[in-house]
Every structure is written in structure tokens, then in C-alpha cells.
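In the two complexes below, chain A is the common chain; its partner is chain B in one and chain C in the other.
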Partner chain A sequence: MITIAALIVLLPFLGAAGGLLLSRVGGGPISARAGVPTRAIWFAILPTAGSALLTVWLAVQAAKGDGTGAFWDSWFPAEASGQLTVVDTGAVPISVGLAVTGLSVLVGILVVVVALGVQVYSVGYLHGDSRYPSYSAFISLFTSAMLLVVYSGDLLVLYVGWEVMGLCSYLLIGHWWEEKANSRSAVKAFLVTRLGDVGFLFGIFTLGMAAKSFRISDILAAQLPTATVVTATLLLLAGVAGKSAQVPLHTWLPDAMAGPTPISALIHAATMVAAGIFIVARLYPLFLAAQPTRDVLAVSAALGMLGAALAALAQDDLKRVLAYSTISQLAYMAAALAAGSDEAAIFHLTTHGAFKALLFLCAGAVIHHVGSNLMSRMGGLRAAMPLTFVTMTIGFAALMGLPPASGFFSKDAVIAAVEHARLTDAAQLLLYASALVTVGVTGAYATRAWLRTFFGPTQVEALPEPEPGTAHVFDGREAPPSMLWPIGILAIPALALGWTSVVELDLGSAAIDLVIALLGAGVVYAFWRSAPTRDPARLLGPFYGPCARAFYLDTVYAMVFVRPVLWLAQGVVHTDATLVDGAVRGSGRATLGLSRFVRLAQNGNAQLYVTGLLAGVLLIAVGAVVLG
Partner chain B sequence: MNWLLIALLAVPGLGTLALLAGRPSTQTPAPATAASQIEQPPSPALAEPPAPGTEPTPSPALAESPAPVTEPTPSPSLVAAPASGIEPTPSSARASDRSRAATRIGLVTSGLTLVLSIVLAAVFDYGSAGRMQLETNLAWIPGLDLRFHLGVDGISLPLVVLTALLTFLCFGYLAGQTTPRPRALAFALLVLEIGMIGTFLALDLLLFFVFFEVVLIPMYFVIAIWGGHDRRAAAIKFILYTLLGSAVLLLGLLVIYAQTGTLDMVQLAARHGAGIARTPQILAFLAIGLGLAVKTPMWPLHTWLPDAHTEAPTVGSVLLAGVLLKMGTYGFARIAIPVLPEGAAALAPWLGAFAVIGIIYGSLACLAQRDLKRMIAYSSVGHMGFVLLGFATLTPVGINAALFANIAHGLITGLLFFLAGAIKERYGTADMTALGGGMLARLPHLGSLLTFACIASLGLPGLAGFWGEMLALLGAYQPGAGQSRPLFLVFMVCGGIGTVLTAAYFLVMLSRVTHGRPDETLAVGVDVRPFELAAWVPLVALTLVFGLWPKGLLSLTAPAVHLILGVGP
Partner chain C sequence: MHVVYPAVISALLFSVGVYGVLARRNAILVLMSVELMLNAVNLNLVAFDVWLRDQLHGGQVLTLFVIVIAAAEVGLGLAIVLAVFRTRRTVDVDRLRDLAEPDFPQPSPNGQAKVRESS
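This part shows the complex of A and B:
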């Protein structure tokens, strides 16, 4: 079993290496339909498909036997672990090894399914892109890194995958690097997450040094003092907030929309953002034991879910709407974790992974069709793109939490968990209120996006030239099959995943959620109905500005962090040139000055020399007499 | 005695003799005049007399930047004269012949040395990597009790191989180019190699010092003759700075000798400071530490480094960053810490403090740099800060980290300087504003390699740069006995912030240089040439190997580290 897990992780890595190094060697054929090197397509799809097949086999193997506990443990009770080697560091050793648990099998399935879908979809989306080989290789590397996070048995090995994901997101967000804005977004994504990761690494140190092992199983088994656990989990939370885009480290995610749409689907649905939630669930006994950490998480989640939902309501860029909705939905998962229900969190993670990937891929098809990200350029697309319309409707229904779509069940599970949360009263109250209000706002922004994209008068104009970075020429047709197939397949779990009913449905709270969501949707519908060409977000009134700018957080960060650092950098250069090096040059000058003074004695006057000699002899004689 | 270690020193020595003997008497009837004619510099920059009052300009990056834009002639950088640019006149044809002959001697010699170092790595007994192996102990100056004592253990072996590799790659790089005075350059590099390898093999304090000093002279000439615009000022600064450091170092070594009566490093290390009182230990550690810190360099003794790196030719920068800086840190691991444990314990907080200041300071300085080579030079200050932090923790993990980061920095920064040199040669400038951006579009392979090297240097896990930094921070989390834990926790947090700043300046640089739309009016020449690729691929490969398999290095250094700290594994 552990060999299979190792192969699952390694195959995409080898695919990435092959794709990067061998795609163009010796020419090779160019695929006529996709306009990219055929070999690159094979390197992209085959390893991921292999991983997917092996994952199925692993799931079948893991499903044997009986287990109790969380639903993933009863689905996949068989566990395994193995290690390749132990690296002696001089302190606590690193064990290079993997561990297969129920949770990792579950999340592993999600990862490979979405990754495979994205690889297939990208072949169509990046039609004729000369950088397709490196692009697909980075996706493979990304997949491999995420799978390493999922299956790793050691926290430091996990950290390797964790950081490599950050790198891949940097490379992929910056795929269209001709635009400096995209490049800046990529840098921002890497730096913000890396800031969180420093905390994460220190959290790993705290746990590892306290438990005398970096192995996850050893750490979970160790009896750690509460203070250590609280410190460590709070530090880990920094990394979780960075990767899972939680307040206050969420600002990179909306900007990350600069990348190609399939990347948005991959990063913002299934993999990188899921990693933060996954690691909390993986180490959940520690978080359960650390109530202060969960209080902090609850407050962060409460702020994040409502703030991001409001921001989503005011965006004009369809992908940014989805990005803010991702922050909001991830905050739901964080809320469930804070409330003490890892099951609800992972359930929502799974359904969200399916429906958000679906939404992004649909949005990609729409953008591909329209040639713009902006909803003000869309409208009336339901006739031109029937399949995309149907599938995206399913996605939005799931996002709003309408039955029978999957989101209805998982969101209900989260809210039920929050209602009965074991937290500090204030935090619990804040979280619950925020969760309910957010349900309404979610209904509102999802309805707005749906209406402005598919209904109303057609706004689409044919663009003369495709703008690099976003656009393709409007051709008035539905997307190519390589893009439609993944959409169609992802629609199934987005619709049906809820029926697994892994968590009991709480009918009372479900009814309340549904009413609130419909209320939000109804208000937007009423505003839209009154003037279909105008943006229903005008209902926000004076709050529209702050919401559209996400409450000016980027500006604040730029003022508080970025500018002082740059200012300090200038200061350092100045100090280096004047003070530190000035001292060096000053000592050089002082030496020269001194030598000029000493040179006065060397004036070539023999009388002076003889006088000096005599004076010296005299001094020595006197000295000998006095001291002797 | 063992012939292998002697051979490692003798082969480059024979190479220098071959270069001396290979004066062109067989090629031209009048060697002296012909040589002097041929060795006339092709660029006016060489003939130019040293600027009066060789004060370094306050900001060489600023002073230099307009030059390539306004001057129609190619950059005065002498390595910036690729083979294609040479006119086929008889004298230059002969010059390129001679260039090839000299470089070939260098290539063969350094190749042989590399083979010997690989043989050394092969016969090395990995089961007892902590023990000194293949020792050679000959009387040298019996009157002074000086011995020609060489040996290799898990700490020095990787450094010896790294030195041989980098020197060989430098010759490989030179083989594809035409440089002025090729024979002299080859001679200087081979002498440099003797000094560097000797430093890592020496087991006698004074022998160590001698090799340590041997390195300075050829490096001075490499900078002063083949350097860029302000090379003289930079070279003088380099030599004065390091000579001053060496003087202090010698004082410290003599204190040890005066206290113990022996210069044998193995014996001294085995005593763990027994026989030296606390105060002399502190004094000796201070003196030796200062001397080594100049070389490392440690903040605030670093200002020679940016100037030297900016002005040095590519191969000079590579060896300077790749090996010379390591001689300073190697001294900490080999002499200062094992021989003077009490001195180390007393001064470790200061060492740690200067190290983290260097990390933050170096990173901030990088953020504001405009010159690519200068930025990489400052990044060395930051990276060596991690190495020093590792030493300052006085824990096995910290010292392992320092030794790992040493090697990783040599590989990665060596690669970075190769790439920066290639960029400067193609664009005629290393000023980031003048470079313009869009390198990934104009020179995709060079741009990709630069991206790789930067990512490796910012410490991405899975590449060699990560493990050293991470373990240094881990060491600071739980410092050695007797050290203040809160203080080191502060150091750890500062180091963590330093890693973010490191990522920031590298990514901002990549964004400025490799991303964006290229300026189509700039002529940039060809993408990576085969000989360049041959010189760089080994570095890329080793960066990956040690990143993915850190055990390869850690299993070598760990036993030795346990031994020098006197603690059981």
C-alpha cells in the first residue's frame, strides 16, 4: 500500500521532470488540434491519469476492514505507513516516509480527480500557447507536491511539499508574465504565503522538539503540555491562514486570478487552499486540545467569511467573484474546525472542491467565449452556451446551498456544528451570526453573478485582437470538447456528493439556511428585475466602494509593511555606503594622513637624521641609568 | 604518508609549472617581445592608468550604470569580449591559439584535480566520517615545530570536492571564451586552487594560515587585472581588508600556540580547550573569529565583498563566492569552535547577533540594489549570516546546518554568478533597469536557469539552499547548553523574517529582469551556449541532488560535528 502511495506522489513529479526537459528535445510533432507539442500533452496527462488509477486502487485497498471515528475512517479504515530513510540532523531526525490514513485517501482522491480534469481542460484552454510544456509540467509538479502533503508521514517532509506548492502557484499565476501586473500578483502570492509558512515552520519546530520526533503519528501520540500545544497550533495557524487564504493573509488569493483559469480551479478549489484545512484536520487532536487557538481561528473565520462574501458581491470580474467566494467558503471550513467538527469541515472541503472547480472551469469556458473577465461585458449567454449554463447553474446552486446540490448538505453540517460549537461564548456567538448572515450574502452574490452572466441582453462584442493575459477571440461557439468533458464530469459530484449524507442532516437549521439564502437571492433578483442592464450590487449603496476594494486592506498592507521595508532597504544602502564603508574608507584616509605626518621626518636632511640618532642614544643611556 | 592528498596539491602546482614552461618560445622566435605585443590588452580599459586617488566612488552601481547606455563601445568588462567579436588578425589569431593552449592546460590540470578529489571521495571511509583520514604528517620546519600535516574528514571532504569542481567548471567556462592574458589567468586560478584545497586539508595551524594567505594574492590579481571598471579600488580594498583580518587571525593562532605549545589541529581539537584558561580562550576566539569573519564575511566587516564581486570577472566571482567565503566559515568549524569551546560559548551570543543582523541587513540591502552582481554579492552576506547563526548555536544541528549551508551556498551562488556574468556579457551591463526585462522571452534558457538559481537561493525546500537555513533556525530554537534561549529565539524569528525578505528580493529581481515585455531594440546575442551549459549543469544537478537527498551531506558532517563538539551522537 505504501509503495502505491509513493508511486502516486512520484508519477506526477516524473511527469513534470519529463515535461520540462524532454518536451521539445529533437523537435517532435505538434498536435494539430491543440497547437502544442504532442509529447508535452502525453507528459501532462499520462502521469496524472496513472496517479488517479493508482489512487482508485489505493482507495479499494484502504476500504477493507472496519473502522470507527470520523467518516473517512469508516470509509477507508486500513492504514499504512513506511519510511525510506531517517536523516540525522544532529537534533531531532527527519524520517523520510509516507503514511496512508483515511483522511489522506479521501483528500488524495479529490486532488487527483481535479488535477486530471485540469490537465485535460488545459489542453483546450491553452490552445497554441508556446509555453504549454512548462505550464503543464508545473501543474504536474504542483499535483505531486500536494499529494506529498497529503500522504506525508513527517511534518518536515510535508513542509517540503507545502513550499513547493507555493513555488508552483508563483510560476503558474505568473504564466502570462508579459504583463507586469501578473508578475506582481505571482510575487505577492508567494510572499504572503511564505510569511505564513515561516510561522508554520516554527510551529513544526515546537511540536517536533517537544515530541522528539517530526513524525505525525509520534506527535499525535505524545503527551505534550498544553502551553506547547497552544503555541504550536497558533504558529501552525499562520501557515494555514497563508495557504488557505484566511484573514489576515488572504489578500493574495483575489490577485492570483491573474493566472489562467484552470489554475484558478486547481489552486482555489482542490489543492493549495485545501492544504491548510487538511493539515488542521490531520493534526486535529492537537487543535481540539488547544481552545485558545480555536477561538482565534473562529474570529478569523467569522471576519473572513462575511468580509469576503461582501467583497464578492461588489466585484465586476467573474473570477474575482469566485475568488472571494473561495475565501468565504474556506472560512466556513475553518469555522467548522474551530467549532470542533473536523467531519463537517472535510465534508465541505470535498463538496467545495467539486463545485468550485466546476464553477471555475465554467467561468473559464465563459471567459474563453467572451474574451473578457468582466461581467459587464457578458449577459444573455444561456442560449449560446447551453451546457455551460446548466453546469454552472448546478455550481451556483451548490455554492448557495440549495438542495439537492452538494453544498446544501455540507454547509448545513458546518452551520449545525457552529451552532453547537465548544468555544468561548463571544467567539461562538460571533461565528454563528456571521455564518448565518454570510449565507444570505452568498445567495445574493451567486445570484448576481448567475444573472449577469447568463441572462439579460447580450453585451458580448467581438474583440479585434486577443489581449494577452486574458482573452481569446469571440467565436460565438461553445467551448471545445476537451474543456466541456471535465466540466460535465465535475458537475456530477457537485450535484450528487451531498447524498452520501455522511453527516446527519439537521432539518431545522437547514430550513433556516435555505430561507436566508433565498432571501438574499430574492433581493438581488428584485433589483436586477427592475433594471436588467444595471448592476444589482447597487443595493450596497455607499458600501459599494469599500466592498469592491475589499475594505482597502491591500492599501493598508502596502502602507504598513511594504513601504517601510522598502524605506528601510534604502536606509540600509545609505548606511552601508556612508557609515560602515565610511568607517573603512575613513581608516584608510587616517592612515594616509598619519603617514604624511610621519613623512615629515624623512626629509633627506642628514643633519636631522644624525641629531635624531644622537637624541635616541641619549634617551637610551638615560633610560638605562634611571631604570637600571 | 598518503600520496592522494599530496597529489591534490601537486597537480595544480604542476599545472602552474607547465604554464610557466609553456612560454611561447616554441611558437615565436622572440618570446619576450611577442608576448608583450600579444598581451597588449585589446580593450583600452586595460591600458588606462589607474584613476588618480583610487577612492572607491560612494555608489559604484550608480556611477557605473549610465556607462553602457551612453558609450557605444562594449562594456569595459574584459570578459565581455566573446570569441565572435575578435577580428581575425594574425596576432589575435595567435592570441586565441595561445588562449586555448593555456586554458587547455588549466582545464586538464583542474580536471585531473577533480578526478583526484573524486577518487578521494571514493576511498573515503564513510563509516567513520568523523575521523581524520588519509593523514600525511611530515616535518616541515623542525626548528619551529611546524609540520606539513594534511588530512580529510567529513567536514573537509565536501569542501575539497566543491573546490575542485568549481575550479574545473571555471576553466570549462573559460575554454569557450577568449580572455586577455589567458596564461596569467590560468596561472592565477591554479595557484588559487592550491591555496583553497590546502586550506581545507591543512591540519597544522600555521600551515592552515599559509594556505589561507596564498589565496589572497592570486585573487587580488584576478580582480585587479581582469576586473571591471573600478577594479583597482575594489582589489586594493579586498587585499587590505583581508590582510588585516589575517593579521588578527595570526595573533589568535599564536595565542593558542603560546598556551598549548602545539600547532597540531587534531590534538588541539581532541583536547576541547583543556590547557587554555578562559580569558585566553576568549581572546583567542575573538581574534580568530574576527579574522575569519572578515573572510566570511560577517556584518559589519562585509563592505569589501560587494565591491570585489561587482568588479571581479565571472570566474573570480564564482570562486570568491563559491570557495573563498567558505574558508572563513570552515575556520570556525575546524579551529575556533573545537579548540576554544569556552571562548566560543562566551562569544556565541555576539556571533549570533551579528549573524542575524547580517541576514536582515543583507536582505534589505539586496532589495534596494540596482546592479545584479552587487545584489548577489549582498545576498551572500545574508546567506553567510545563516551559516554563522548555525555556528553560534553551538549545537550539533546548528553546525551541521552551517556546513550544509556552506556547500549549498557554494553551488547556488557559484551558479548565480556564472549566470550574472553571462547576462552582463550579453547585455553589456548588469544594471537591472538597463536590462529592461523580458529575459524569458529573449533568452528563455538563460532566464529559466536564472529563475532556478534564484529559487534555489531563496531556500525552497527540495533544493539545496533550504536544509542549511532550516536547520540553522532549528538549532537556534534550542541553543547549546549555557546559551540564553530567549535570545536565540529572537535570533530565530529574525532569521525567519530574513527568509521572507530573501524571497522578496529574489522574486522582485526576477520580476524586473525576466518578466515583462522585452526591449526589442537591445541586441542581446545568443541564448545559452553549449560550453556554458556544460559548466552550469553540474551545479544545477548537485543543487537538486542535495536538495532532494540531504542525507548525502548530513551523514558526512554529522559524525564529525559530534566529534568537534565533544558530544555523543
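This part shows the complex of A and C:
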């Protein structure tokens, strides 16, 4: 079983290495339909497909036997662990090994399914892109890293995968680096997540030093003092907030939408941002023991879910709407974790992974079709893109939490968990109120995006020239089949995953949520109905500006952090140029200046030289006579 | 004849030569002063050869060598003076200063020394 897990992790890695090194060697054929090297397509899809098949096999193996506890433990009760080697560091040893648990199998399935869908979809989306081989290799590398995080049995090995994910995220956001804004977004995502990762690494150190082992099973089994647990979990929380785009480190995610849409679906909606939630669930006994950490998580989640939902309501860029919606939904998962229900969090993670990936892939199809990210340039697309319309409707229904889509069940589980949360009273109240209001706002922004994209008079204009980064000119057709297939397949779990009924449905709370969501949707519909060409976000009134700018948080960060750092950097450059270089140049100048006096003798007059010679001979002669 | 007479004369001759080499400006006169110095040495060689009653007459032989070499040296020196005069229209040694170093090299901001051409 552990060999299978190792193969699952290694296959995409080998695919990435092969794709990077061998895609272009010796020419090779170019696919006529996709306009990219055929070999690169094979390198991209085959390893991921192999991983997916092995994951299914692993799941079948793990499903044998009986288990109790969280739903993943009853689904996949068989556990296994194994280690390749132990790195003796002199202090706490690092065991390079994997561990298969019910949770890893569940998240592993999500990762490979979404990754496979995205690899297939990318073939159509990146039609004729000259950098397709490296792009698909980075996706494979990312898949491998995420699977390493999922199956790792040791915190430091997990951290390796964690950082490689960050690197791949940076590389893929900046895929169209010709445009300055894209590479800036990539750098921003890299730096902000790195800020959290510093805390994450130190959290790992704290846990490892306290438990005398980096193995997750040892750490969970160790009896740690409460102070250590609180410190370590708070530090880990920094990394979780960075990776999972939680307040206050969430600002990179909306900008990360500069990357190609499949990347937004894979990394920035379904998998990488879920890694933070996954880590907390993996180490959940520690977080349960640390009440203050969960209070912090609750406040961050409460602020994040409502703020991001309001920001999503005022965005015009379809992908940014989805990005803010991702932050908001991740905050729901964080809320469930803070409330003490890891089951609800992982359930929502799974359904969200499916329906958000679906939404992004549909958005990609729409953007591919229209040639613009802006909703003000869309409208009336339901006739031209029937399949995308149906699947995206499923996605939006799941996002709003409408039955029978999966989001209804998982969101209800989260809110029921928050209602019965074991937190300090203030944090619990704030979280519960925020969760309920956010349900309404979610209904509003999902309805707005749905109406603005697919209904009303069409605003589509044929672009005169295809711009870099926005696929191509409007041609009035559905997307290619390589894009439609993943969409259609992802629609099934987005619709049906809720019926697995892993968490019992709380009918009372579900009814309240449904009413609030429909209320939000109804208000937007009323505003839209009165003037279909105008943006229903005008219902925000004077709050529109702050919401559209995400409450000026980027501006504040720029003023508080970015500018002082830039000033400091300029100061350092200035000091280097004047002080350090000045010392070097000054010493050179001083030497030259002093040598001027010596050089006075060398004036080119041979007679002077001879005079000096004679004087020297005389001196030696006199000296020899006197002293000798 | 006592050896001190030729020795004094040769010392005087040598001094005149040194003065000429160090102080004259005309290159030809400098060359002539060098000849004076050489001949002062020749005088010494011959005088001490006699004074020491050398059986092999090494001093006189050496004098012959010096005369030959001096002739060659003057030929070469005059040729150089002629060449200098052709190019510079002057044989004033005070104004022949090409042996001096070029002007002070100034370090430029990018660290490479720039050497100004001397006129």
C-alpha cells in the first residue's frame, strides 16, 4: 500500500521531469488540433492519469475493514506507513516516509481528479502556446508536491512539498510574464505566502523539538504542554493563513488570477489553498487542545468570509469574483475547524474543491469564448454556450448552498458546527453572525455573476486583436471538447457529492441558510430586473467603492509594509553606493594622490636622472670610505 | 713623471665631462662630454699602466678597446641625435621629455581608470 502511495507521488514528478527535459528534444510532432508538441501532452496527461488510477486502487485497498471516528476513517479505515530512510541530523532525526490515512486518501482523490481534469482542459485552453511544455510540467510538479503534502508521514517532508507548491504557484501565476502586472502578481503571491511559511516552519520546529520527532504520528501521540501546543499551532496558523488565503494574508489570491484560468482552478481554488485546511485537519488533536488558537482562527475566518464575500459582490472581473469567493469559502472551512468540527471542514473542502474547480473551468470557457475577463463585456451567453451554462449553474447553486447541489449539505454542516461551537462566547457569536450574513451575501454575488454572464442583452464585442493573456477573439462557438469534457465530469461531483450524507443534515439550520441565501439572491434579482444592462452591485450604494477595492487593504499594506521596505531598500542601496563604494574608491584615490609626490621626480629629463645616479654613487662611495 | 699629474688631469677632464653631461642642453655637446669622460678614463689607464710597469700592458690594451667602443658609441649617438632632430627639429635635451609618465589617471565612477593622452 505504501509503495502505491509512493508511486502516486512519484509519477507526476517523473512526468514533470520528462516534460521539462524531453518535450522538445529532437523536434517531434506538433499536435494539429492543440497546436502544442504532442509529446508534451503525453508527458502531461499520462503520469497524472496513472496517479489517478493508482489512487483509485489505493482507495479500494484502504476501504477494507471497519473504522470509527470521522467519516474518512469509516470510509478508508486501513492505514499504512513506511519510511525510506532516517536522516540523522544530530538533534531530532528526520524520517523520510509516507503515511496513508483515511484523510490523505480522501484529499488525494480530490487532488488527482482535479489535476487530471485541469491537465486535459489545459490542452484546449493553451492552444498554440509556445510555453505549453513547461506549463504542463509545472502542473505535474505541483500535483506531485501536493500529493507529497497529503501522503507525507513527517512534518519536514511535508514542508518540502509545501514549499514546492509555493514555487509552482509562483511559476504558473507568472506564466504570461511578458505583461508586467502578471509577474508582479506572481512575486506578490510568492512573498505573501512565504511570510506565512516562516511561521509554519517555526511551528514545525517547535512541535518537533517538543515531541523529539518530526513524525506526525509521534507528534500526535506525544503529551505536550499546553503552552507549547498553543505556540506551535499559532505559528502553524500563520502558514495556514498564507497558503489558504485567510485574513490577513489573503491579498495575494485575487491577484493570482493573473495566471491562466486552469491554474486558478487547480491551484488557487481546489488544491493548494486547501492544503492549509488539510494541515489543520491532519494535526487536528493539537488544534483541539489549543483553545486560543481556535479563537484566533475564528476571528480571522469571521472577518475573512464576510469581507471577501462583500468584495466579491463588487468585482467586475469574473475571475476575481471567484477568487474572493474562494477566500470566503475557505474561511467557512476555517470556521468549521475553529468551531471544532474537522468533519464539516473537510466535507466542505471536498465539495468546494469540486464545485469551485468547476466554476473556474466554466469561467475559463466563458473567458476563452468572449476574450475578456470582465462581466460588463459578457451577458446573454446561455444560448451560445448551453453546456457551460448548465454546468456553471450547477456550480453557482453549489456555491450558494441551494439543494440539491453539494454545497448545500457541506455549508449546512459548517454552519451547524459553528452554531454549536466550543469557543469563547464573543468569538462564537461573531463567527455565527458572520457566517449567516455571508450566506446571504454569497447568494447575492453568485446570482449577480450568473445573471451578468448568461442573461440579459449581450455585451460581447469582437476584439480587434487577441491580447496576450486573454485567449482569442470572439467566434460565437462553444469551447473545444478537451475543455468541455473536464467541465462535464466535474459537474457530477459538484452536484452529487452532497448525497454521500457524511454529516447529518440539520434541517432547522439548513432551512434558515436557504432562506437567507434566497433572500440575497432575490434582492440582486430585483435590482437586475429593473435594469438588466446595469450592474446589480449598485445596491451596495456608497459601500460600492470600498467593496470593489477590497476595503483598501492592499493600499494599507502598501503604505504600512511595502513602502517602508522600499525606503529601507533605497537607503541600503544609497549607503552601499556612497559609503562602501566610497571607501573603496577613496582609498584608490588617496593612493594615487600620494603617488603624485613620488612621481614628481619622473619628469622625463634624462639629465635629472643621471644627476640622481651620480648623487647615489657619490653617497655610496662616501659611505664606503667613511664606514669602511 | 709623477703619477699624480696625469691623475689630476684625468680627474679634471672627468669632472668637465660630468658637468657637460649634467648641465649642457645640446645633445651633441652631451655626447662630446661623454667622450671627455671616456678619455679621462683612458688617460688613467695609460698612466697607471706605465706607473705599475705592467708586463702585459693590460691598461694600454684596454685603452684601445675603449677607443674603439667610443667611436662606435659616438656613431650610434650621432645617428640618434640626427633622427631626433629630423622628427623634432630640436636637439635640446630639456625639451625631449617623452620618458615622463603620462598624465595622472583619473578613476571613473564605474571603476575603470581613464588615461588621458599626453600631448
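Operating definition for what follows: the second predicted complex is superposed on the first by the 573 of 628 C-alpha atoms of A that agree within 3 Å, B and C clash if a C-alpha of one lies under 4 Å from a C-alpha of the other, contacts with A are read in each partner's own complex, and residues count from 1 in each chain.
Assume a contact is a pair of C-beta atoms (placed from the backbone, for glycine too) under 8 Å apart; a residue touches a chain by one contact, two chains touch by 3 or more.
Everything numeric here is computed off the predicted structure, so don't read it as measured data.
By the touch criterion defined above, A:G174 lies against chain B but remains apart from chain C after alignment on the C-alpha atoms of chain A. Set against each other, chain B and chain C touch different numbers of residues in chain A, with B touching more.
When the shared chain is aligned, chain C comes close enough to touch A:Q607, but chain B does not. After overlaying the two complexes on the shared chain, residue contacts for A:V573 are found with chain B alone; chain C is out of touch.
Of the two partner chains placed around the shared chain by superposition, chain B and chain C are both touched by A:R585. In the superposition on chain A, the residues of chain A touched by chain B in one structure and by chain C in the other are 585, 588.
Residues of chain A touching chain B in their complex: 85, 87-92, 94, 96, 156, 159-160, 162-164, 167, 170, 174, 177-178, 180, 182-184, 186-187, 190-191, 194-195, 198-199, 201-202, 205-206, 209, 565-566, 568-573, 576-578, 580-581, 584-585, 588. Across the complex, chain A is touched by residues 18, 21-23, 30, 93-94, 96-101, 104-105, 107, 111 of chain C. By the touch criterion stated above, chain A contacts chain C in their complex at residues 585, 588-589, 592, 596, 599, 602-607, 610-611, 614. The part of chain B that touches chain A in the complex is made up of residues 55-56, 58-59, 237, 240-241, 300, 302-304, 361, 364-369, 395-400, 437-438, 440-441, 455, 460-462, 466, 470-471, 473-475, 477-478, 492-493, 496-497, 499-501, 503-504, 507-508, 511, 514-517, 550-551, 554-555, 558, 561-562, 569.
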